[in-house]
Amino acid sequence: MSADALLLDVRGASKAFGSTTVLAGVDLGVHRGEFVSLLGPSGCGKTTLLRIVAGLLGADGGTVRLDGADITGVPTHKRGVGVVFQSYALFPHLSVADNVAFGLRAQRRPADGIKATVARFLDLVHLGALADRPVRGLSGGQQQRVAVARALAVAPKLLLLDEPFSALDRKLRETMQIDLRHILREVGITTVLVTHDQEEALVMSDRIAVMSKGAIEQLDTPEGIYTRPRTPFALGFVGHSIRIAGKAGQTTDGVLTVDTALGPLRAKGSYLPGSPVLLAVRPERVVVGAPPPDVPSNAVTAALTDIVFQGSKVHLHFAAADVTLLVETNRIPPGLSPGATASLSWGLADTMLFPGETA
Amino acid sequence: MKAGRPAFDPVLLLAAPALAYMAVVFALPVLVLILRSFGTPTGPSITAYVSFLSDGFNWRVIGNTLRIAALTSLLCLALGYPTAVALARSKGAVQALLLVAIILPLSVGVIVKAFAWQIVLRRDGVVAAFMVMTGIWDQPQLLLFTESGLVIGAANVFLPFMILPIYSVLKLVDPNLQDAAATLGAPPLYRFFKLALPMAMPGIISGTAIVFSLAASMYVIPTLLIGDRFQTLATLTARAFLLMRNEQLGSTTATVLLVLAVSIVMLSSWAVKAKGDSR
Amino acid sequence: MTEPTFRLNRRSFVAGAGALTAGLAAPSILRAQAKELVVGAASSQKTWSEEIMIPAFEKKYGVKVIFEGTRSLVNLEKMQKNKGNQYLSVVQMDDPVMIIAVAEGLLDPITAARVPNSANLKPGVTHMDGMWVNYLQPWVGIAYNKEKVPTAPTSWADVFDPKYKGRIILPSLQNTEGVLNLFLASYLKTGKPMAEAQLDINSAFAKMAELKPNVLMSYTQEGQAYNLLEQGEAYMVMGAISSVALARKSKGAPIELAAPKEGTFSMPSGIALVKGGPQPELAAAYIDMLLSPEIQEKVTQATFALPTNGKVAPPAGLSNLTIHKVDWANVSKSRADWVSRWDRELSL
């Protein structure tokens, strides 16, 4: 993909509050029409990055380009970047329709055009019937849709969503996520979502930027991040995993033997012998029982400590030598009960290898 | 559910002691005062008002009263609104410091302040020195015993009563509203007039109402800051009672002041509300 | 303080409060049986009364003096409400209030037979055939800041000098000394004798209007006025009372009080016998002692006033100071009109 296709191009954005570095020279490119999530725990700098893109916060260094133009020093109201805030920030003294019309009026659009635009966007979010209601009495979901309609009505080049679902209960959140994705696709707007919720990011995004300590650890498709996490942080923040620390041994034919508390295990890769490494595998890649003989695999023996039934799937918790091993299956294996030991195995291809922490 | 709800909320009883107190020490005396202004040896009459209002000098006094109250409110608003914004946006130690700086002067009596003003507003005082130094004035001028000096002094005393109501409203406003308006393409002035001001308006109305009423009825401050040569309804009232022992004149001027202050406060809040509804 | 206040209000109390008031009034009966003398005076007279006059009197007569320091009009009300059953024996009130008390028949005349020292009083301090006398003469003059006005003013006309633009302080007409300024202004304008000039109030206001450019402020609270004078913001106070100005000077304030050559007035300070008051002999003795040369000397020193007993020498430099007589009846009658005229003609 060429750089020309980037609608948003952030280079080297940095920000410090006092002696605390919040952003350490972050690059972020978002393509036209793309949905990108900034995913990370609180304090990782994702909201700071969003505010810098919106112009609500000045960066200490770096540039922000939007649609080819450098907007680093441009004030917020001239940027054409829409934001849906976590609190929705609806104007409490105005009706639903006046909230949506606010930006259009502020930009001095012709009056009859405003009316039509407001009606169109209220219909888009299914709130046409509530146009004249004060925003105070609306439910959380309705308020969020007003905020979305308001942000979209001024036709921004880029839409930023700041934790827009965190105020909603879980059931509503899931519906709203799908709904919002539909609406945004219909409008065809480029969107950046800030969230700490990995499932939200997985459901909505074309690509996810996993952030930690003021830096983007990995920017990839949801599947790419899940199956090929580049760092232990990305591994841990997206999805469950079994993590086994060990020491690198010999590398033979591109396969490294690792000494672990569970015995020698193997992974594709190469490290200096003796250096600390981390092995990981996704729980659904693990099978209970002996490995198939013709596939290169790792196998360990562990004791079952707990069975958690979760409807469509079952979580089996195993333990061996202070390592917790989570196994995900679709049914409880017959004859297995807590206290029993079993053999667990997974393919060499499913074994992920990371540099370990120097103790 | 509605049918089962009692018409009287027992929580309202919590206000009973204050209401009873106010009825005895405020409402009753005010009622007596108003009645007295209509009392003549031959029965109730409005002669006191007719003679008061047919005297041109008294209209000048009414003008003085309203002008000083309006200018004081305006100065308090000009100084108080930005302060309230700063207070609402500040956090932690800075906010605590600001609050103390605003509230602490309330504990200093007007008399003490008046002596400080004398030092500050004198011909060789700090303000005059500053104005001459910056070239705004050619030569030192006296601010004491002028209307400007009175407004400066009164605003000094009443400023907290403007700041605190605005602050208490602003602190409940979502700080993201301004940001949201900016992201919608609203320029700063538009945000101020269409968002910040309407949001602060309940606080501005109550602050202005409080300061206006206090300034219209102040007695000690004009006595100390402008003296006997500038009469307001309040100083006229005090003199009628204390010096002339003319209770009817005193009750008449007091009632005129009461009616003016109450109606101006009510009119202004009604006007602002009407303007808001027509939008 | 509390008991007389209750007694004063007794009749205005509602019936339910009657029992309470009766209880509080009881000590007055006991008090009458013991040897006591109640003097109704002003709170501003408390200090010298309690330090000089009362100890001397109590020592000589072996009685207890109860000093009720309030205001002239309060004393008048006390006498009005207790007519026929007075508990005050002596009152010290302002001259205009004395006129009312005389008209209501509340006072007994002071005669040389009952009060021997009254025979020695200076002319002009005995009023209405002895219905009351002035026991002191706190005189009014021009207080000035010694640094700003190095040469002492000698005439009331000095205050009108254009070089004092915005530097002159006047008392308001609410203050009695402010009223006296009107008479002085009329005197300057007309040149008539002071007794006539007092009645020509149009000339008084005409002259006062000439003073307007010089007026810094008109005070009701004298403390503020003296602060301005001592700080040098104001140069002169026209109508400064000796007992106030000289007391401040004696405490180190850089001010002086000038006695203009035209003569001046004294502030009201009357004393009288209450008609039908208890202990009439002691009451007369109290007044006699206050008018005696020994006490006059001490009290005038303490209050920077002039003595009224002709046998007592006035303070140095003031022996030629003429004290003109004020027509207090005229003041009482017209003061409200003057105040309202002052508002119109001397306002900012």
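Worth pointing out:
Read from first to last, the chains carry the letters A, B and C; within each, the first residue is number 1.
We adopt the following convention: a residue touches a chain if its C-beta (ideal position, glycine included) is under 8 Å from a C-beta of that chain, and two chains touch if they have at least 3 such contacts.
Because the structure is a prediction, the values reported are computed rather than measured.
Ranking all chains by how far their C-alpha centres lie from the centre of subunit B, first place goes to A. Comparing per-chain C-alpha centres with the mean over every protein C-alpha atom, the closest match is chain B.
Chain geometry summary: the mean Cα position of subunit A and that of subunit B are 54 Å apart. Each chain gets one centre point, the mean of its Cα atoms, and the points for subunit B and subunit C are 39 Å apart. As a whole-number value, the distance joining the C-alpha centres of subunit A and subunit C reads 90 Å. On subunit B, the positions that touch subunit A within their shared complex are 174, 176-177, 179-188, 190-191, 194-195, 198-199, 276. By the touch criterion given at the top, residues 54-56, 75-83, 85-87, 89, 91-93, 102-103, 105-107, 150-151, 154, 156, 160 of subunit A touch subunit B in their complex. Across the complex, subunit C meets subunit B through its residues 73, 166, 172-174, 215-221, 224, 227-228, 231-233, 336, 339-340, 342-344, 346-348. Residue ranges on subunit B touching subunit C, taken from their complex, read 57, 114-115, 118-119, 122-124, 142, 144-147, 223-224, 226-231, 239, 242-246.
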